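Labels for the chains are A, B, C and D, by order of writing; each one numbers its residues from 1.
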Amino acid sequence: MLTLRRATVRFGDRTVLDAVDLEVADHEIVCVLGPSGSGKSTLLRAVAGLQPLDDGRVFLDGADQSGVPVHRRGVGLMFQDHQLFPQRDVAGNVAFGLRMRRVARAERDARVEELLDLVGLPGAGRRAVAALSGGEQQRVALARALAPRPRLLMLDEPLGQLDRGLRERLVLELRELFGRLGTTVLAVTHDQGEAFALADRVVVMDDGRIAQSGTPLDVWRRPASEFVARFLGFGNVVPATVTGTTADTPWGRIPVPDGSPQGERRLLVRPAGVHLAATGDGLPCRVETRTFRGSHVAVTLRPSEGPLLEAEFALRDTPDEGAEVDVDFRADDVVVLGAPSIASGT
Amino acid sequence: MLTLRRATVRFGDRTVLDAVDLEVADHEIVCVLGPSGSGKSTLLRAVAGLQPLDDGRVFLDGADQSGVPVHRRGVGLMFQDHQLFPQRDVAGNVAFGLRMRRVARAERDARVEELLDLVGLPGAGRRAVAALSGGEQQRVALARALAPRPRLLMLDEPLGQLDRGLRERLVLELRELFGRLGTTVLAVTHDQGEAFALADRVVVMDDGRIAQSGTPLDVWRRPASEFVARFLGFGNVVPATVTGTTADTPWGRIPVPDGSPQGERRLLVRPAGVHLAATGDGLPCRVETRTFRGSHVAVTLRPSEGPLLEAEFALRDTPDEGAEVDVDFRADDVVVLGAPSIASGT
Amino acid sequence: ACGTDDARDAAGKSGGPAPKTVTLVSHDSFNASKEVLAEFTRQTGFTVRVLKSGDAGEAVNKEILTKGAPQGDVFFGVDNTLLSRALDNGIFVPYEAKGLDRIPAALRLDKEQHRVTPVDSGDICVNYDKKYFADKKLAPPQTFDDLAKPAYKDLLVVENPERSSPGLGFLLGTAAKYGDGGTSQGEASGGGWQDYWKKLKANGVKTVDSWELAYNQEFSGSAGGKKAKGDRPLVVSYASSPPVEVLYSEPQPKVAPTGVSTGTCFRQTEFAGLLNGAKNPEGGKALIDFLISKTFQDDMPLQMFVNPVTNDATLPELFTKHGVVIDKPETMAPEKIAEKREQWIGQWTSLVLK
Amino acid sequence: MLLPVAFFAVFFAWPVVSIVGRGLRPDGRHWELGRFGETLTRPDILDVLWFTLWQALASTALTLLVALPGAYVLARFDFPGKRILRAVVTVPFVLPTVMVGTAFLALVGRRGLLDELWGVRLDTGVWAILLAHVFFNYAVVVRTVGGLWSQLDPRQEEAARVLGASRWRAWRTVTLPALGPAVAAAALMVFLFTASSFGIVQILGGPAYSTLETEIYRQTADRLQLSTAAVLTMVQFAAVGTILAVHARTVRRRETALRLVPPERTARRPCGAGQWALLGAVLLSIALLIVAPLGVLVERSLATPSGYGLDYFRALGHVDGTGTFLVPLTDTVVNSLQYALAATGIAVLVGGLAAAALTRRAGRLVRGFDALLMLPLGVSAVTVGFGFLITLDEPPLDLRASWILVPLAQALVGVPFVVRTMLPVLRAVDERLREAAAVLGASPWRAWREVDLPLVRRALLIAAGFAFAVSLGEFGATVFVARPDNPTLPVAVARLLNRPGELNYGQAMALSTILMVVCAVSLLLLERLRTDRTSGEF
């Protein structure tokens, strides 16, 4: 469906997209993750033809898109800041793309109603967009992007301003909808949960480059680099020397999964991999901070040796702040990073 | 610090704030949670004096604010859609409030630098705001709101467009900063994690009313109503008859915590309270869907009786889709809802 | 849909062999009854299209600018004050109109070449507000000399001779009366009109830029002046103004509210001529003949408030009843006007305006 | 782009260049450049230059001062009669300057209203000129600035308020910069208008005051001193060019995409004593400065010797004493409307295309063209008019006597209006809205229609209203164009005033009143067009 070859965008002397290669298959849902300013929106704009490339090419269904104007590319894009048409009401916004495609009035109206239902704004068609709340505006923008059913739909933070309940419902319904319509989707999100729930594949961007690409589970389980690990929120990354299924780390010897890369490596311990051990059985630590996270409690531990350690406990198991505990590690949640084969794009 | 008495705002015949009573103590950090369109932004705008009240009053430090113009209230507000000044560069935006307060130039420049550092945009002062990414704009808006150090700072979705790593860092730094400056904060967020991490107290809004108010732990542990429970993402809410420490539910008999309200009630089972049991020992279910959520897997179960059941398992424990499992429930994660004493405001 | 049918005719037929339209270029004050123009069409087969081209001076200047490619066939409205400029620039070609003998020889300038034909004449005179002088029990001024008398201090308003043709006429009238007092600017050497104007100035003469302003804004005797609380009972206007005041009042008063100071007049004669480069010279010639026909000459007084030039024309009753005949107007040869006009206007400006 | 360029070249540049050429090369061959030094060292000319400049600056400043609050009130407040008021303030624009002068003198002149009430008497002189300029140009500011103002997102100002800016400060630091281009455009137009003010200076200043414009008029139309006129025209060019360059430079730095919202969303009922006071003050200033002079004209049209009545209006429909209509009333009104509609059509078409082209493209050439488009406002009508005469004299362009020349000449003045009112709004339209339309399948042209047009529709209507009013009242250009005898309203008014007689004067006043009403009604209709189609599709 979509192929990018060495797509490069520069603003002045900043390279915002740096020779990006990316392939999105038909009907695939790809989520782009990455820190703020890493070039995600620019990537979508480049595909849509809104941002001229300084180098490289964009292909849609194999056809080179250089010189093809935006409105002929048949792609849809939902903007990060919505860009609703202020002078049109909600229905006028949603129906816009349908009108451009000369969809008959009756069908248009029906489609608009249906989409407004989907995004939880039934009957809001006549409202002025300026009188909508932030989240409502975002939903209208989403409906507007969905309405013309483009072959490639790009969504820039489509659900960022919605509450969890709504977001989870929408993620499910969108997945179902895309599956049904066979839409190919390229979506930007900063919410990993959303990415994992929605995507067939995630792409992690780092400063204009693709740091990793793979199924959500893959990326989560085996971050390709320290950057990806840290981006996923894992702070426990240390240098290690791996030998067989153990590694020497600042926190002492730690078990690693079978088949891990050997030698001098960076090593990640997921917070869930830190377990309370019987006293004297593990690494002695003091509990520094506890942060309630809803389903669990995030705890910062100060080990007797090595850097601070992040752990995650169920609410009822969490030790008090200042308590002295011993912890050990489970190989399942330890990842030896930097296996070069995983770090490349698709 | 801030008191709202029966604050009411209507747009036409929609009541968007419905006799809201709220109290925020000095130095307190309060997070407002609530579904999209529930009136969160309107609440902040009303406090700032941007939205005239149709009824009720706003007091700051005990002084009635009716008739006090916006700029005399000494409150700060970060807008949900940022509203950066397009004619000014980043530094010009951040320094704006300082200029209004006639802060000397040298101090102003220093403060701007410091804040840009804080939000992770060091040296971006001369950049045009239109050339910033979405998240960068949000960070500039945050810096702009922080700069004048208002006694009451209101933030409308301050970190919504930032990636997790940055957001977690900022939450910690902001908490530290507010503690140091003694700022009182009223923040809107749709991210429960953020609310729980940042807030001393959370306020959950439902359609212009306050549905619950309490510490994050409180709200999480004992949602005051089915609405709050569902808003927090808990789908397992069923009718139940509570007798002592057990309840009769569509899923059979379930243990409930000591001291739960008795009689006909709604009852919540948190997904974490659903455990795999030995076969034949519990409620037989079929695994319908599995959704990977990062640290855990969300699983939908179809029990032999009663409605669908949401559960949460560690990755390694998760049964496959279609598997037949037995589950039982832990009283710790079961909440009998609707205890009227908890449902009120502060 | 904006244009008249004639406009479209002209566009369609210009360059065609025998145009049925003849175009008369004139100043804004030109007017003729529809019936009279229809009569011309009936007589000759030509339809008249009238193009109004600004005030008198402007209209002449435009013809000079477009010399050789004129906008029409006949120009009407060049008067004796501008005649030389028009002739010197060669905008007219000779044509001796039929019936010229009915016009007094004194009016027939350019007798040798017949490039222009006199059509009407009028007198520029000071008008006075009868009521004012009756109330003040003061006799209205009658001569140029009177105007400089202390009794009439601050009463006269005149037009700027540079911008307005009655203004120029009045200045020329004083020059004809008092002669040229010298050529040096400002410091006038002995006598002449310059001295006279110094006296007028000392006597509080007021100058405005146009006849409309003087008459409708400053003059206390006109309807506009009354409403505007104009406080000048003396104004430079035309000898025909009083009858016109009567004509355009409802109900018409028995006597005109204004009178004419008969000793302050300067005669103006307006001419018509066949334009150099006319597309329809035949029609143009017919039109010029028509302008001095009895039909046109009889119609003219009530249309343009001027006197006919042919001796067989009858003056309407209105003119005979409310108007005065000026026996001895001041006059001046066009060549002299042409020679001195710029210089005099310059002198006048520094004398009166500065 | 091509059409505006062609229009401009044929109907402005060529005539003006020809007439100037005629002046500087009297014999058709040799340039007489010595004329420059000669003319420009004459003290009277220098006086004229100086007076022109300072009165124009003063008039512009005064107009902005008085009219900006008015623009604010009309853009941001909701109150009954607002639309009528907006139409009324535009009425002075259609009045022949003779009328403006008359009305003004009746108000502030000798034994005028103010004289009798408070002894304020400005008679003729500089103050009268300045005030009349304010009277005349009030609408320019209200319309150009108000058009953008009413669409600015009020949240920008709110953002400033919560950062501690007072209402005034927020306005100055946030709104004013956003309005900058529109204010500059308005100031530019007012400046050009007042610098080339003709009738008002002549009537209210008297023969002792003259501006560059009156001087050029004098030299061209009266004296046929084309060489002096040419030099002065060149000076005018240079001055206007400089002003335009400065304007372009300052504005370019300012123009940013703004968040535009539909005007209905920004207007509120005034609240608080301050706002009511402001509203009151503005209404008072409008009443005093605009309604009162207009009222004087109406009063005069009704005051007959036998008390108040409609006699003069009736007389307009009657055959006069000599058996002809002096002014066939309905013809005149219909004529005026037709000319004005044609002129508005041309101006909107040419100006709209130019504005669209200018928004999209940048670069020196385009910017130069932008400035050139403004020149007709700053160049004497007499220059253009005489230029027409000597250039448009050959088929197929022998338009000298064609009716189309009148609307063409009027459109020349209308185009700059259209461009200047639309450009600030067009340039403020966020490019990303167009992008949003593009990704939804709209071609660039379609995106313009769907995104820009609705947003500038208000500006466009304002501009059209302007062009309409200008042509309805335009006298300067029409008098230089020889026209077949079907007068427009102002021409008919002038013709009536050109004759002695109470009936003529009264009818002139009655006709002026009709002119005002026609103007106000047309503008109101135009405004109605605006609101009926704001939401939804069209």
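Structural remarks
By definition in this document, a contact is a pair of C-beta atoms (placed from the backbone, for glycine too) under 8 Å apart; a residue touches a chain by one contact, two chains touch by 3 or more.
Fair warning: this is a prediction, and the values are worked out from it, not measured in the lab.
Counted by C-beta pairs in contact, the busier of B-D and A-D is A-D. Subunit C has its Cα centroid 89 Å from the Cα centroid of subunit B.
As a whole-number value, the distance joining the C-alpha centres of subunit A and subunit D reads 56 Å. Annotation for subunit B: residues 81 touch two or more other chains. Touching two or more other chains at once is no residue of subunit C. Touching two or more other chains at once is no residue of subunit D.
This structure has the following touching chain pairs: A-B, A-D, B-D, C-D.
Contact residues on subunit D toward subunit B in their complex (touch as defined above): 153, 155-156, 158-167, 169-170, 173-174, 177-178, 254, 256-258, 271. Of all residues in subunit A, those touching subunit B in their complex are 11, 33-37, 40-42, 80-81, 120, 131-136, 138-139, 156-157, 160-166, 168, 190-193, 196-197, 216-217, 220, 230-233, 270-272, 291-296, 312, 314-316, 332.
For subunit D in complex with subunit C, the touching residues are 22, 98, 101-102, 105-106, 109-112, 202-203, 206-208, 218, 220-224, 300, 303, 305, 311, 315, 320-324, 326, 335, 338-339, 342, 386, 389-390, 393-395, 398, 400-404, 406-407, 479-480, 482-486, 494-495, 497-506. Against subunit D, in their complex, subunit C makes its touches with residues 1-4, 6-7, 10-11, 14-15, 23, 25, 28-29, 31, 33-35, 49-54, 57-58, 61-62, 64-66, 69, 71-72, 85, 160, 162-163, 207-213, 215-217, 222-224, 227-229, 231, 237, 241-242, 244-245, 247-250, 258, 302-303, 305, 342, 353. Residues of subunit D touching subunit A in their complex: 259-262, 265, 430, 432-433, 435-444, 446-447, 450-451, 454-455, 534-537.
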